[in-house]
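The next part holds the structures, each set out as structure tokens.
Two complexes follow with chain A in common, the first pairing it with chain B and the second with chain C.
So, the complex of A and B:
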């Protein structure tokens, strides 16, 4: 009797369960929970190096009067607001086109578009840097195609430096997000499309009114993960500008200074102020929380 | 008046052109990397798109500037230790969360998933201080330790364990196998495709990781290939020919793993949406 009715298990203390999850939980407690609480405590302290003293809300006041922080915040928002929608739209369109079983070379095309994902963030950034140098490949091609008359100052103009970084990140992550959309599209019932097609609904309308709503959970998932990724942007801007590892300004006029890069500089460059750096890091935590909440909220609203 | 069939054909041409351009742009930097490794830096910054003769010179400079065997060994060591430990500890936890019940199971699990949203920037300072207390700064184990209990991989294993036939486990229990024997002797072999997918994700992440190793590894003897490429490439006037040699060498392992296990790779990426 008892052997048969084991399926709906009653919660009880199970030594085996704790043994299995124990090592992972212990590691998460030491390397995740403790640091995040420690960081919260540090964000209310101030001082040079390891000599910290309690400072109350001083760090928070400092945020609003710190031009470098405001620059990093602005840059991070520019990258987030421009890059995430562009990339996800591109990924969604590509996935929708590749989802058509009549397309020839589907597998090859899919593999090719996905391939950027295997590169390390640092390696691909170096490649992009070498393509966007003053008289380099990209400018040569643009001039030869007659798109521009003079080479674009990618590395010396704040605006174009940001554009270059956005192009680079989009290259690296579009295929990654496309794979999620493709997988979700495979679960959509084909007959729905057929019915709409027979009813004479044009392709773009089927995409907007059928595909996109049905993909909402996946779009939400990719939006949240891309948001978290963009808010933490570090490897690319650090390598492109040398602002992280070589010191100095991050790009022309600090146009590539992101919050993560600023935290790194506050911690390991100049006169390290760990308390203030922790405060800036909590700005990212707060932004991730708020933006994720807004995205979940927006997705829920449209369902009703 | 344009006929329907003509319009269809135009549309399909546009689709193919779009996809071809996307595929070309995606592959092009790889081509650029390989061509660049054979050119001098002055040719690279002029945008030369043909193979050159500087590959030996570039490689020679690379191997004299960089202690390549040591650097690759460092990367390989970190990647292997991280992969083995992460697969073991995170799969144990994913299995444990799914199979065994306890009072706080779901609460703990939700808390653990929330940790996915914590940006690394908020952890790195206390983590660095913690490693300092442990005396682990500049060691490879310090690079690996914080990544071993990966909430994402635990989540992935728990999701996949739902497909593990419980009849197998019940039969093993009847046969008198202990719980750890069931895990190592039955679960692991049965779930090998799940392990393969997780392997690829962990391998790529560990091989390519940058920020945390940059903080923890401070001497040239402990640095990884990613750190070396970054320091060669972030100079104001980098020697691109030499850096390209490094990027080619650093990308070969991940490309190899990708093409060897492409099917599991895609499945692995999808593990989280299923």
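So, the complex of A and C:
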């Protein structure tokens, strides 16, 4: 053995190393990899309950002729296209406002805006339900302020039902996203803004041309996570509109039926069709993959 | 006309006064350097001139117009920051042209101005790069370019070279001096580095704890410091301060006894009144003033030697362990631990009273 190669060669298979990661790998394999692969296999099967048989692409054909699936897909896209931009814009603006050192009670305000995402889901949905019923708090306030003459049919009109859901999830998740923006803003060198002030850049332009571009990586991150969250929207539509309860439709005319809720219904509420539910699940996987790719592509670093 | 005048300018943060009444006249085209130790208020004073900090009391005028309440962008100033403060997502060209977009200049004109600044600063090959693809020195040049395109009356530099390595610092120092010569603009420059101050300034303002200690040309401050602080701050290596007691004297001469140096008595030329015998004073001698033929003599022990090639720095101690730095031009064969007699001409020594004021 020469003097140079005194260091032992790293073996391809090191028992000690595998023993350390083995338990974690086993758990991941059993509880993540296997279910993912098995559900992919299930998506090509059909049948009731456990009595599945291979069906090829039948489930995929069924998707295109299933009015409930198309309704859920449309609703999910409406929520995604309206709610994500509204929420992220709102989060960005509140973060910019609460980053201003001249604002009083900043800490209290930040906490207040952040709190919704850590409150109990059940408590908040019960509250929202009671606030948005025909003669609930929201309508009473709107009527008393003279903004509307007749109460808004939050629970009985498809349009307003979707608006209510959007308000609810926006209320819940704006503060969460705001924290990311705030943290990123506090990392921006203050002298950049001072240079802009001296350069005569107006306040709005400092926000649009400096803050927003410098937050691009964080905006991309929140967009992707919010997209995934919205495509998987289940909690609110299930509890507020009663879509999760036995026999209840998700809002008037299933106007708040989302893909996740539909998967739940296919599996646990209707005659259980696990194969078809798995196919719908993979629709979400595909959508998340495509949308995330598009977002990363749109936010890529352009070569000069 | 781009004179800058400050009249009794003050700044307080709550109950704490940071700038305690500064009066200053900066003439058009002058290169003025604010220098002082950290926390002396030099950057705050610069930011007050820029309009990034409000002025608590007093008057600031640029070009004869009162500027206290004027927006930073309307003061006719441009500022270069220590951190460069470049817009990270914009190219060099966009960084330099950004301000002009909001000044309402047509695109062709912006291009012309930016190209002109790029030519002056030799940035042409870098115009389409983003700041992160530039070296520290290049970033600083872009920051200067961003200032130049606005054709300001006054350039403000806030420790612009502090983030650069030593070699680049010397290089950029020369570039900034050249720039001043070529543009002829008024420059106010903040630094804690007295070498930068000495080499760049037409006029140095020495600040300590929010008070101007002395204003003057670099050599004037070096030769005629008004007090102990300025004497110690300007010049490298630092001036030696020796504790002494007035022994006696006559008109125009004071005999100072140095108890820490075996009671050596140094006759110092005196302009003002002779202080009372026995009053404590401080004698100031620059390391370079020591010569072999001086009339005053100090017995010392050599502690450390630094051979710099052009000169040798001798760090020596008195009997009472007071440190004395001696710059020797000759390459003598002194070794550590040797005892020697350090000589200097008494006519060159400076005398300070107990409260730090210069008495000669």
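Heads up, the rule we're going with is that the second predicted complex is superposed on the first by the 279 of 304 C-alpha atoms of A that agree within 3 Å, B and C clash if a C-alpha of one lies under 4 Å from a C-alpha of the other, contacts with A are read in each partner's own complex, and residues count from 1 in each chain.
We adopt the following convention: a contact is a pair of C-beta atoms (placed from the backbone, for glycine too) under 8 Å apart; a residue touches a chain by one contact, two chains touch by 3 or more.
Keep in mind that this is a model prediction, so the values were computed, not measured.
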Given the superposition on chain A, are chain B and chain C in a clash or a fit? fit
Between chain B (first) and chain C (second), which, if any, makes contact with A:202: first, second, both or neither? second
Winner by number of chain A residues touched, once chain B and chain C are compared: B
In the superposed arrangement, does A:95 touch chain B (first), chain C (second), both or neither? neither
Examine A:32 and indicate which partner it touches, taking first as chain B and second as chain C; both and neither are also allowed. first
Contacts for A:124 in the overlay, against chain B (first) and chain C (second): which applies, first, second, both or neither? first
Mind checking the angle chain B, chain A, chain C on Cα centres after superposing, to the nearest 10 degrees? 80
For A:192, using the defined touch cut-off, is the partner it touches chain B, chain C, both, or neither? Pick first, second, both or neither. second
Taking the superposition as given, does A:184 touch the first partner, chain B, the second, chain C, both, or neither? first
Contacts of A:216 with chain B and chain C, given as first, second, both or neither: second
Check the superposed model and tell me the shortest C-alpha distance between chain B and chain C, rounded to whole Å. 9
Which parts of chain A are in contact with chain B and also with chain C? none
Help me check something: in the complex, which residues belonging to chain A touch chain B? 6-7, 9-14, 16-21, 23-28, 30-36, 38-39, 42, 50, 93-94, 97-98, 100, 103, 108-109, 111-116, 118-131, 133-141, 171, 174-176, 179-180, 183-184, 203, 217-218, 221, 228, 231-232, 234-235, 238-242, 244-246, 259-260, 263-264, 267-268, 274, 277-278, 281-282, 284-285, 288-289, 292
Chain A-facing residues of chain B, complex: 11, 15-16, 18-20, 22-23, 25-27, 29-30, 32-33, 36, 44-47, 49, 89-90, 92-93, 95-97, 99-103, 105, 108, 112, 115, 117-130, 145-146, 148-149, 151, 154, 166, 170, 179-180, 183, 204, 207-208, 210-211, 214-215, 226, 229-236, 238, 240, 243-244, 246-247, 250-251, 254-255, 257-258, 262, 266, 269-270, 272-274
Give every residue of chain A touching chain C within the complex, in rising order. 189, 191-192, 194-202, 205, 209-210, 213-214, 216, 304
Name, in rising order, each residue of chain C that touches chain A in their complex. 50-52, 71-74, 77-79, 81-83, 85-89, 91, 98-99, 102-103, 128-130, 146, 150
